[in-house]
């Protein structure tokens, strides 16, 4: 099972003491939903800010019997997702999958899969900026007090500013949530479309910020409420057209440029979900032409992290 | 607060007449000054002590107008200011009627002094000190509104007062900051007499007014006195003094020993 | 001026603020020492003295920003009395955002410069629990009007305002939550004389109309005369003289107060 080339590394890359330290942080995070637990972030074989927090969380909890799925912006086949998946298959000898249903651990950047998560699954978010108050209050000492005392008025001042300026809350990703009606938490840069999926999810949700050295968690079946005003309730993005490939109207869509003459289509951001629907026989308006142009197979991620 | 207001409307009781009983005398007594003295100590000039007055005792009843007299420097202004609680006496007491009792201004807490100034002691000088941007009519109405008089009646009474003092109607909606000295003075008089305090302390309110307006102010003072006000005043002008006074109080004899 | 602002003659009314033996030491250095006074609703108390006299230290203690070395600051709100520094920190912080108000000398210390005028005013309502955008905005508009800032400026940031407007905005931000006590540190410092006059005027009307108790620290005796009912004169960390403002300014007894009043025209 163990390939000789990987014997220089400890199982799952990190040494056992580091993993134990991270597990303790995770346990504390689960015990205090939404609270940011400081941890001694380790060096990983890629630059901080590229998902090292999520990778450390995954490394600390993964075992040989796990099945890992990694997505980046909803896609399994982007460079970063492919690299991280390959990394863990080599250092932790885990099976990997692109199927949401088949995964026991899902590491993600920027999306929550469209297929509802189930009990027993763990989703690990890569978090660049764990402090939802940071843009409003620069002092760490002060933001800790604000969390400690539940002084979250400033978050609503930010929402007020959005409505005053744009007529609606313009924050469309990393939209702040109240976890278990206590800690206000950054959901990581997922689109606010995904926020409702966090609420009462049967899966365990873990968040790792490597550069900022914070871990936090949302245990299964925890209330997660997106902040809003009574007269400006929280809403998610909607599209006027269904997915051009699978025809669904229930997912978060990406805009894809299909030629150099300004042609474009809207398709599911979650590539695995879209594929599963197509395999089940669903077809969107442009599926046939996309297949003819080999766009479905040739599809590439829009941008680097 | 109500008892403060009631003090203004207690009917005037005849006083000082032979046969009037002590109780009635007592009820009419508005101000009782005993052994009042004032020295100024100038700490920054080697601690020089300047004695001004000493041993001043005075009773003032409703309907009386006592005019302080004496040569310049006799301490007229100093005494008047002590009666208002502005200067703090070196010795003595200044008791002011508040409802059924006399309260000593000298030993009273600062906020009690403030409350007495609002309810009982009126200071009328030739200088207007009000909020700069409030219109004239509102300045004059204010004492009435503070007492709970409704807006219509307050407007009527304030208008009547301003008209009587010959202040042109075109000025009523303007703030007095830009008025001439004489006009500001008349606004001040109007405010002071639209609802006169039970004790009026007059510090040359007619100075620099022309003859017509001075006569109107004298009438206002006398009307207030007839309505029960007790008055202590300083007037530079002999004729005004004689028209206002029911009694003179010469301070020269209370000159403190240097 | 108004009936609501008149303190009753009866002394049984509870003071909103009561200070006993307040001392603040910085190591061996005395910030302020053995200060005692009471403040009743509707009253405006001035604290005057030169730089270094301890007046700002005293204000910082009163406003809950600095813990005194000794003494007691008792606050009475809605009939309930408590020691300011016996409160736990979250309660004290919550009071400071609702029942307290602090107007800083520099608007930059009292405003959020990255947030619109409306947001600055709205923050204290949000802190107090309001979660209705329309209500918050209407209240912000109303308060901008009351401090004479055109409501068309509601979405502008404070950096686009003049110094006087910034200071008025700070006042609106503080008063919107209906505080019972407002602390002001040199509120007109750094403003032109004409702008000062307008601000003082506004403060006086607001404080009287709302029946707020206020403590104003200033080195400007003209400001003290215009705004305050009572005065405390401080020197070298302690009180040298106190009384009604006009008493202290017109008939100063202490050598230092005589020096202070003779040095300026009031």
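Letters A, B and C mark the chains in the order given here, with residues in each chain numbered from 1 onward.
Here is the rule we go by: a residue touches a chain if its C-beta (ideal position, glycine included) is under 8 Å from a C-beta of that chain, and two chains touch if they have at least 3 such contacts.
Since the model is a prediction, treat every value here as computed from it, not as a measurement.
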{"item": "Arrangement of touching chains [line / ring / star / complete / other]", "value": "line"}
{"item": "Chain occupying the most central position, where position means C-alpha average", "value": "C"}
{"item": "Distance from the mean Cα position of subunit C to that of subunit B, given in whole angstrom", "value": "32"}
{"item": "Subunit A and subunit C, separation of their C-alpha mean positions in angstrom", "value": "48"}
{"item": "Euclidean distance of C-alpha centroids - subunit A vs subunit B, Å", "value": "79"}
{"item": "For subunit C, residues that touch 2 or more chains besides their own", "value": "none"}
{"item": "Complex contact set, residues of subunit A against subunit C", "value": "145, 148-151, 153-154, 156-157, 159-161, 163-165, 229-232"}
{"item": "Contact set on subunit C toward subunit A in their complex", "value": "89-90, 93-94, 97, 112, 115-116, 118-119, 122-123, 126-127, 131-134, 136-137, 154-155"}
{"item": "Touching residues on subunit B, where the partner in the complex is subunit C", "value": "1, 4, 40-44, 81, 85-88, 98, 103, 109-116, 118-119, 131-133, 142, 145-148"}
{"item": "Subunit B-touching residues of subunit C, taken from the complex the two chains share", "value": "1-3, 6-9, 11, 40, 43, 197-198, 201, 204-205, 229-230, 243-244, 246-247, 250-251, 253-255, 258-259, 262"}
